[in-house]
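First the structure, in the form of structure tokens, and then the observations on it.
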Amino acid sequence: MSFVYGNNLKITVFGQSHSPAIGVSIDGLPAGLPVDFDELSSFLRRRMPGQGAYATKRREPDEAEFLSGLADGVTCGAPLAAIIRNTDARSSDYDNLWDVPRPSHADYTAYVKYGAARDARGGGAFSGRMTAPLCVAGGICLQLLRREGISVAAHISQIGNVCDRPFDPVHAGADDMNVLKEAAFPVLDAEAGKRMLAVIEEARQGGDSIGGVVECIATGVPAGIGNPMFDGMENRLAAILFGIPAVKGVEFGNGFSAAALRGSENNDAFIIHGGAVRTRTNRHGGILGGITSGMPVLFRAAFKPTPSISREQESVSLSRLEEVRLAVTGRHDPCIVPRAVPCVEAAAAVALYDALLEPRGHI
Amino acid sequence: MSFVYGNNLKITVFGQSHSPAIGVSIDGLPAGLPVDFDELSSFLRRRMPGQGAYATKRREPDEAEFLSGLADGVTCGAPLAAIIRNTDARSSDYDNLWDVPRPSHADYTAYVKYGAARDARGGGAFSGRMTAPLCVAGGICLQLLRREGISVAAHISQIGNVCDRPFDPVHAGADDMNVLKEAAFPVLDAEAGKRMLAVIEEARQGGDSIGGVVECIATGVPAGIGNPMFDGMENRLAAILFGIPAVKGVEFGNGFSAAALRGSENNDAFIIHGGAVRTRTNRHGGILGGITSGMPVLFRAAFKPTPSISREQESVSLSRLEEVRLAVTGRHDPCIVPRAVPCVEAAAAVALYDALLEPRGHI
Amino acid sequence: MSFVYGNNLKITVFGQSHSPAIGVSIDGLPAGLPVDFDELSSFLRRRMPGQGAYATKRREPDEAEFLSGLADGVTCGAPLAAIIRNTDARSSDYDNLWDVPRPSHADYTAYVKYGAARDARGGGAFSGRMTAPLCVAGGICLQLLRREGISVAAHISQIGNVCDRPFDPVHAGADDMNVLKEAAFPVLDAEAGKRMLAVIEEARQGGDSIGGVVECIATGVPAGIGNPMFDGMENRLAAILFGIPAVKGVEFGNGFSAAALRGSENNDAFIIHGGAVRTRTNRHGGILGGITSGMPVLFRAAFKPTPSISREQESVSLSRLEEVRLAVTGRHDPCIVPRAVPCVEAAAAVALYDALLEPRGHI
Amino acid sequence: MSFVYGNNLKITVFGQSHSPAIGVSIDGLPAGLPVDFDELSSFLRRRMPGQGAYATKRREPDEAEFLSGLADGVTCGAPLAAIIRNTDARSSDYDNLWDVPRPSHADYTAYVKYGAARDARGGGAFSGRMTAPLCVAGGICLQLLRREGISVAAHISQIGNVCDRPFDPVHAGADDMNVLKEAAFPVLDAEAGKRMLAVIEEARQGGDSIGGVVECIATGVPAGIGNPMFDGMENRLAAILFGIPAVKGVEFGNGFSAAALRGSENNDAFIIHGGAVRTRTNRHGGILGGITSGMPVLFRAAFKPTPSISREQESVSLSRLEEVRLAVTGRHDPCIVPRAVPCVEAAAAVALYDALLEPRGHI
């Protein structure tokens, strides 16, 4: 189903951009976890709208109200449900979208799928706003993962043609990860960050938008998590990552660049390090045969440029089946990537924790 | 679960590289489809080993024996099950793999997951051989899709640094698709194909291997197939594609290259063409918001170079926890990509047909 | 997962008896259904507490607040989510339950499963209160089913040793069904109803409780709905019915009484009626081989007596592992069966509508 | 999906009564289990046709051929797949069934669901023969359960109006369980068994058949297995039990008889026994709130009389839509219940082992 994810956890997301509320139910959380609400709020704040020059002007406090799943602030085994009210929805901005779909948005495909009854306001359930409940689930999974010694961090690895320094795939340090958590603009190389901001500002001033890539790493993941074939860690991570609006590509380790390499250049030698099996390099991104190798899990997700741009574009009238011009109003990020960083972390955390709960593979 | 895929179909794959047989059960096929066994055999032959200079020397007739699901050659509503006997398994080639994992193979992660009892021969259930039953399922879905006016085709878009001409994302022609079906080496540009073969041969002679990319297109897919969020066509295609061994990246439409683009460069204008809504360009790869747009579905999958190379490599002894040298013997493709082409088509066909069966989205 | 049900719909229930709210998300509803909120309220009122001598004194308005899934009162394709606030929770009634489990309640098993962190107040997520969100989902499915010509009705068929007149399994009339919808006490035979009320009152006065059976019928179900083996209509109905607290048995058609019959007494002759295939009798309860036959779907669910009784009972202290006496206070129904009637209808409606959405079985 | 069962295991069954073979794939078995093939064969022999006066005359050796999932006779983590060839199928017996459905069989509903292409021979995939692969899966799960100290046994508790002595719900002894495993006719009271055989013989001589009830117990099940709401042990057991052809009712503990009882008569007092929490009685059948209590799991399944009887019956011609007389030929059990006993054990074992693999409920 569209809005349910997971094998051992079931994450159920609901809501629309302009419905009374959006929310999430997380079924399968083990009882006994004290949820750190302050930490969760900090995490949610990282994807909150209205925070920088590059972000939409829509402002939502995005405070999650917890409806169930807790007893005295500790998970109790019942599904943990939380909702976030939609308080700053200006639906009138979207009036003409009922008839004229925005190019490269889901307006048209939603119309075909759901007919005239679909909710076109703000993209309905296709809105980037649906990542807020995903971040509630992910924020809690991040806390659970940390108890198991697993850290997840992501950064903007590319905006336009500007690239950040990549994570060290073998020794990704706690230093880097902590820097990112506090950063207003999550990059490893501050200089690159400045140039990225300039690229975003340039796009904004041109009534345009710009795409990018988020790179994510999970350290401390034990070897042996995941499955072969259809239920591997790559499959499961991809299945949730493509649920983040605007993601158009996902790659692990060397990813697409491995296509140009020879085996001798792409293979990772096994070594003994500290009495344990490790690999000297980590071109495989911590996953072999769908199962974690004990090396950091490393992947990248490509984000297309925000399709909402203020420049006039070509579209059609669905009712009259004729071509029209469209100028998208409303409030939109010229670049979705900075706010997508915590969403990618959240998605990774959900997928990893779900897999970590899996029954053991041998007697 | 690892070996089960699908929402409306359930594709269950089973087997190991060196078990008595491998097989597949396809539950949920509508009754009444006359299976064209000749066509299916032709399709299976395209991924068969032992066919060219670039392929493994292992030879298996790969004849599928159908055990159920048919009455008089027509699907009858019961699960369609087929098995393929493993006849040419030379397990002795793999004797030392019980203790020394091959770099960048799943040998080590299988050992961690399943313990000493795992089947190390030929990669066990992690073997590329498991794509044969996937191709049985895919071959049947291709026949079902064609009845609905949907065609799926793939080609080698890259080997090493040599690139084939890409599919025309808007007008991908039936001509191109037919050429590929008959081709010994599935490329659109024969000259590029020759250079690719040279690159593969060079790798082989160096005791090495080489990676590549497969591009796949599905034409005739109606608009409105798929779902938002976690169950979109991108999520579902990625979830099955990462089940093909060696896939390390998946991208749709412009994919990773969209990261460098502006919205005005990446958006696809809606137009009216032949009385219907279409897009002028197809940078979105036929999917918006997880739902098909009516434009061709277009994606690429990146394959890492075959990890089995005859050059000596560094590995470890799992029993003694010490570093050792390993020379992989056995029969292996210096480049898996040509044989992966029908596997990608099969995976796409299964994912698309599964989605096509979905209940309609509106009253 | 525990709180998610369905193949084509995904019903996700969340909440605890004494959490801030309980709720439900319904994913997969076709867009375009105008929800009749008045009818839904009437339906919810039928299971509402505090309505009769036989019911708990807990009073909750049980007004569902709809958070998403609607645009202008019509389903829009997004998950329909609704919550009900818990306003009359007197948690202090349950203070001693943290240590002393109530006999035949889930208090002890919840403790074993979830540990000390489980929510013991009012039974937590095991409470009968969790049927309220199920009834929201079921109430909406009932409206959808009616559009397809399907009616669902249930009555109290037994309380203690008093039995109501059974549904006519072949010609169950609209009259009977309408009577039940309006009835304060849903029986077909008013005299039997009076005797049942006397049995309940007698139990209540004795500080005791009493069990019963609910019989349910669905008319207008087309032939061909459901599947063989593990996904038959019986399997699916049972899987949801056992989710209603206190259900300990489910039977279809002749059910357990068929054990005493011969084939010639239990078989249903096929006849032609009005140009269509029908059966003369309906001992099979409208389901053969997991698939509906076109005859009314007919089943019964057995409810154990409410385990909460005011009589002193034997229990144990979980902390001290010693036997203690327990007198359950709090507000409880001496007989859960009358309020269970709409829950059974709701469960049946969800299961039937979910199955009705299934892809067709043949080309 | 119809033929796939399980959350942590995925049991995929395939085949038809008269297809070349029937089979099963079991995905998710932990690696490292040495399968005892002799024990498995003994178990399969218990449901084998052609064994007694009361059984069908069809004879199949029912030898399972294992195709995958094992390395040196030990589970290896890959899906364990096994097939059984159909060697004694006399399809000509079923020629007239293509047009004239047998009363109370699935012939008609299969026709509606799958159309003219369905496989009518021997009931196709609706045949009781499909329980053979279920028994392969169950037989292996029984071996796995025993390693965890769990025993499962079933007996014929009723045939017609003759009842066997019930299991002692609290102290069900190993003696009783061993007796049943070796018994030619699995009852606890040999005298009752003789009378049952007489009832069956009487039905057979009358060209008729007779129904019955199977009671099943699982001892040694730890407390805390299962889930609340839709995924309780009762839901999961019912969902698989109704997959056995002819099951029309399932009840746990006191089941339907609890409807006539008061809470004070049906509640089970908690006691301390051997330092552990137990219940004095076991009217709840070992499951409270969907979760096991540590007491034996106890349930009954009602089987309708075999619908195939040699007496002439009323049916219809599907092609001519007119009423006709039908005399069912072919080979059929006058009473399916004796052979159903191991099927019930198998179903229970699969459901219990699947639940036992579940991630733990608390940190």
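Order of writing sets the labels: A, B, C and D. Residues in every chain begin at 1.
As a convention for this text, contacts are C-beta pairs under 8 Å (C-beta built on N, C-alpha and C of every residue); 3 or more make two chains touch, one makes a residue touch a chain.
Please read all numbers here as calculations on a predicted model, not as lab measurements.
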item: Shared chain contacts [chain A and chain B, defined touch]; value: C, D
item: Farthest chain (mean CA position) relative to chain A; value: D
item: Computed distance of Cα centres, chain C from chain B, in Å; value: 45
item: Centroid distance [mean C-alpha coordinates] between chain C and chain A, Å; value: 38
item: Interface hub residues of chain B, defined as touching at least two other chains; value: 1-4, 13, 28, 31-32, 77-78, 110, 113-115, 117, 125, 228, 361-363
item: Chain D partner contacts - residues on chain A that touch it in the complex; value: 8, 28, 30-33, 77-78, 147, 228, 357-363
item: Touching residues on chain D, where the partner in the complex is chain C; value: 1-5, 7, 13, 101, 103-106, 108-110, 112-115, 117, 123, 125-126, 130, 158-161, 203, 206, 208-213, 223-224, 226-232, 234-236, 238-240, 242-243, 245, 247-256, 258-272, 275-277, 279-280, 283-285, 287-294, 300, 302-309, 311, 313-316, 318, 321-323, 361-363
item: Residues of chain C touching chain A in the complex; value: 1-4, 6, 9-10, 12-16, 19-23, 25, 27-28, 31-32, 65-71, 74-81, 83, 110, 113-119, 121, 124-125
